[in-house]
Amino acid sequence: MADTTHQSFDPLATGSRARQTRSRSIVYLLLGLFALLYLSPLVIIFMNAFRPLEEIVREGFISLPNMLSATYWVEAWSTFCIGGTCEGVSRYFSNTLLMTVPATILSTAIGLVNGYALSKWRFKGDTWVFGLITLGVFMPAQMTLLPWAFVLGKIGLSNTIAGLVLVHTVQGISFTTLFCRNYFLAVPDDLIKAARIDGAGFWRIFRRIMLPLSPPILIVCVIWQFTGIWNEFLFGTVFTSGSNQPITSAIVAFSGSGTGERHYNVEAASVIFAALPPLFIYVIGGKYFVRGLTSGAVK
Amino acid sequence: MSSLLIQNLKKSYGAVEVLKDINLEAESGEFVALVGPSGCGKSTLLSIIAGLESVTSGEVLIEDRVVNDDAPKDRDIAMVFQSYALYPTMTVRQNMTFGMECRNIDKATQAETVDRVAALLQIEPLLDRKPGQLSGGQRQRVAMGRALVRDPKLFLFDEPLSNLDAKLRVEMRSEIKKLHQRMGRTTVYVTHDQIEAMTLATRIAVMHKGVLQQYDTPDMIYNQPANMFVAGFMGSPNMNFFKATIVDGDVGLAVRLDGSDGPALPLGAEQAATVSAGQAVVFGVRPEHFSPAHEQRAERKGRVTVPVPVTVDMDEPTGAETILMARVAGQDAILVCEPEEAPKPGETMDFAIDMAKASLFDAATERRL
Amino acid sequence: MMADPSNATRPRLSAILSGWTPQLVLVPTLVAALVYVVIFSLWTIWISVSKSTLLPNMAYGGFGEYAALWQSKRWIVSYQNLFLFGTLYVVGSLVTGTLLAILIDQRVRFESVWRTIFLYPLAISFIVTGTVWRWIFHPQTGVEKALHDIGWLSAQFDWITDRDMALYVVIFTGIWHSSGFAMALILAGLRSVDADLIKAAQIDGASMPRTYRKVVLPTIWPIFVAVTVVLLQFAIKTYDLVVALTQGGPGVATTVPAIVVYDLMFQRGQIAQGAAAAVMILVALALVLVPYAIWSGIRAKREAAHHG
């Protein structure tokens, strides 16, 4: 795979020792500076989640802490007041979790089967079907807000987590189908032919041959869907309200309101709660994600 | 009883006709080779026999039963693919049992069959490995093993040796021949390699542009090719095609190479019966049917030979024999002769042509006369 | 290619069903996609020319809402912002991403650590990104405050509250979030370039920067096109980032079309005009994607012709 194999030639390893050292230093210096820029928000917010409020107000976010305390994390999780209720972000966190996990599993599972059917069982008009499904990838959410609101109302899923699961699953299938179809295209057709001659049908081939080959693209789909749905804001804001909202809406609710006293430390801890799960998933599977992303997802 | 019968088969993709009226019959136990250049339709024909492609019109019969609409799994066939198509996530053993598993054969029989076939192919040590851990030759054996465990009515091979290096290919070729002789199963074998076809097949079907050119024994295909395509495709180096005209000679009809000022080459009685004086023909002579005139080898065997002067432009010694790029009567020619007899480039020497093995083709239709 | 089961001699139901399994499996998705892509689009387009206000009213009302939209200052500002934001965000992400990719391509140690550092923002929501950077950019809590505290009292860094500069804060934050994505794809592209090509350039005497500029980067230009299209798409759909970072302010200085759509639909009760604004977003997307799709199609065809 492109991102793990080193090219067999290293241009910086040529020429005089002095030149090599100079070029290397420049490379590491630049990388270090960029890394600082990329990591600083993470460091800053993490630090401030442990600092007393008066210290943050006095010294701002960017300064070294004098006193550290973990109580703000507890407050953020369980007692912080958001939009009138004082239950902390735990409620919104579980809302998001209950929305993200089913929608991720559903859209990934359906995408896998779709991708398999579209890449390995060609039929008349299959490219049109694929084209239509792929168009969903590009649909701006704004075009779907009013129809979704109407549909969710009609089927009784307004202001429910289940409604958000439906919305995200339908939208997500476009992505997962695209990813899986492109991935499965690279699986040799001869394998399918051999299995058909061996007597296997559509589902047996899927279960015994395609599924065992799927982990790389499965990881891509899961990471893509999980982070995408977890981080989503617009649908959550439009289709749910109050205590049914996902965590992104909750953060905007407290941090966006200009009125009242600010609890920066508790807010920082809440923001970390909102960022942690996708970050966790990404750190675990990021290597495979990049691999999949570059091998077929964007084509 | 014919094991495989194909009648008036046509296949088209949209307006493109890739197979035109194919008729083919294989007796039980026969080894049929389908040969032709890439794009000739041989692989499509194999896929149709396997049931992986549908038929546009015509019929495919396996053991006298029409199978046009049968799914591949219901045709009782086994196939070896060019890419081997081994299931990458399964071990060799699982690869071999998958077909039996799909047919709900009990585990004991599965294990017994795998062991028997593995012993036959000498792949017992590989049974618990994954295909990714095997060499090209080993994969080839496993692919054959997967076909053999099924003991089907029909074996299909789709260029099974083309991904192997030259040495291994020759080894596997004789192995396939041995297996066929031992199992005695009807086999259809697609290849673009005419040597594979010649060595393995009991009958060869030469295809070109979707048309079955000739279907006959290797000997007939080689020595009595039905047309210039078959003559040119089979044999290496290629058969020489000389433009020529039929003339009245001293003892009957003879063929005079266009541009030749020497004597015309007398035709045998059989050949003479199919042509008339003045007719424009193509005179086909295989490179190995020239022999140095002083040797008169062919004549010693009682055949008619006629010496013609050959001017050598270039020689390509291969060790066992020397290939000569030359001109005969001003026309380009390729000859094969023994290294010690080969004239040097620039020399002219008389070569005798074995007339009994030469072919005459109609200049316009390119058909054998 | 499947055997067509419709002309089987003795069709059994199970055989017919198994022959159609691939198509049957796709039916739910196809229906969903039809509803989601086609019907929802037509629906919103119809609302945009209806008489809807606070509630949907499906009676035809003409194209008045489009005219009203294009006469509203807020919408025009948001469209202008989109152009500036889109351009600088895409160019900035590409330039930063290319630079990072080239740096990492120098066989650096701990490559995967560097890559993870530059790519992690992609895993974090725009909401979190925007909130954190707001605190950093805000004069009372962020950089300006820190500079004051270390004794530089005249230091001023209040772009986020400055009408003329606030959009650049959004652009910067956007680049911070997305340049890792560009880096990952460009790095993969760099790795796919034949190493012999680089060797040849070295032997020809080209310096490192020249080798990249003249030899390596030009060979992977299709990746740049693909990344540009994906990023432009993000830019056109941008909503969360601005909401969390500036809420479109100060005033309307950082308003983008997606914010206008939300406000019209759900804050001001002008559903028809909101739908018209949504349609304009679709048009902007189409202006980017349709040429790209055509171009890709032509390229694929040309490549096929080369190989075939």
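In this document, chain identifiers A, B and C correspond to the written order of the chains, with residue numbering beginning at 1 in each.
The criterion applied here is as follows: a contact is a pair of C-beta atoms (placed from the backbone, for glycine too) under 8 Å apart; a residue touches a chain by one contact, two chains touch by 3 or more.
A quick note: this is a predicted structure, and the numbers were derived from the prediction, not measured.
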Most contacts: which chain pair? A-C
Greatest Cα-centre separation from chain C belongs to chain B
Centre-of-Cα separation between chain B and chain A, whole angstrom: 57
Using mean CA coordinates as chain centres, what's the gap between chain A and chain C in Å? 15
Can you list the residues of chain A that touch 2 or more other chains? 201
Each of the following residues of chain C touches two or more other chains, namely 1-2
Multi-chain contacts only, two chains or more: what residues does chain B have there? 51-52, 71
Within their complex, chain B touches chain A through residues 47, 50-52, 71-73, 77-79, 81-90, 98-99, 102-103, 146, 150
Within their complex, state which residues of chain A touch chain C. 2-3, 5-14, 23-24, 27-28, 30-31, 34-35, 37-42, 44-45, 48, 56, 59-63, 110, 113-114, 117-118, 121-123, 129, 132-133, 135-136, 138-148, 150, 170-171, 173-174, 177, 201-203, 227, 230-234, 237-238, 248, 251-252, 255-256, 264, 267, 271, 274-275, 278-279, 281-283, 286-287, 290, 293-294, 298-299
Contact residues on chain C for chain A in the complex? 1-2, 18, 21-23, 25-26, 28-30, 32-34, 36-41, 43-44, 47, 56, 96, 99-100, 103-104, 106-108, 112, 114-129, 131-136, 140-143, 145-146, 149, 176, 180, 184-185, 187-189, 191-193, 195, 198-199, 202, 208, 211, 226-227, 230, 233, 236-237, 239-240, 243-244, 247, 258, 261-262, 265-266, 271, 274-275, 277-279, 281-282, 285, 289
In their shared complex, chain B is touched by residues of chain A numbered 188, 190-191, 193-201, 204, 208-209, 212-213
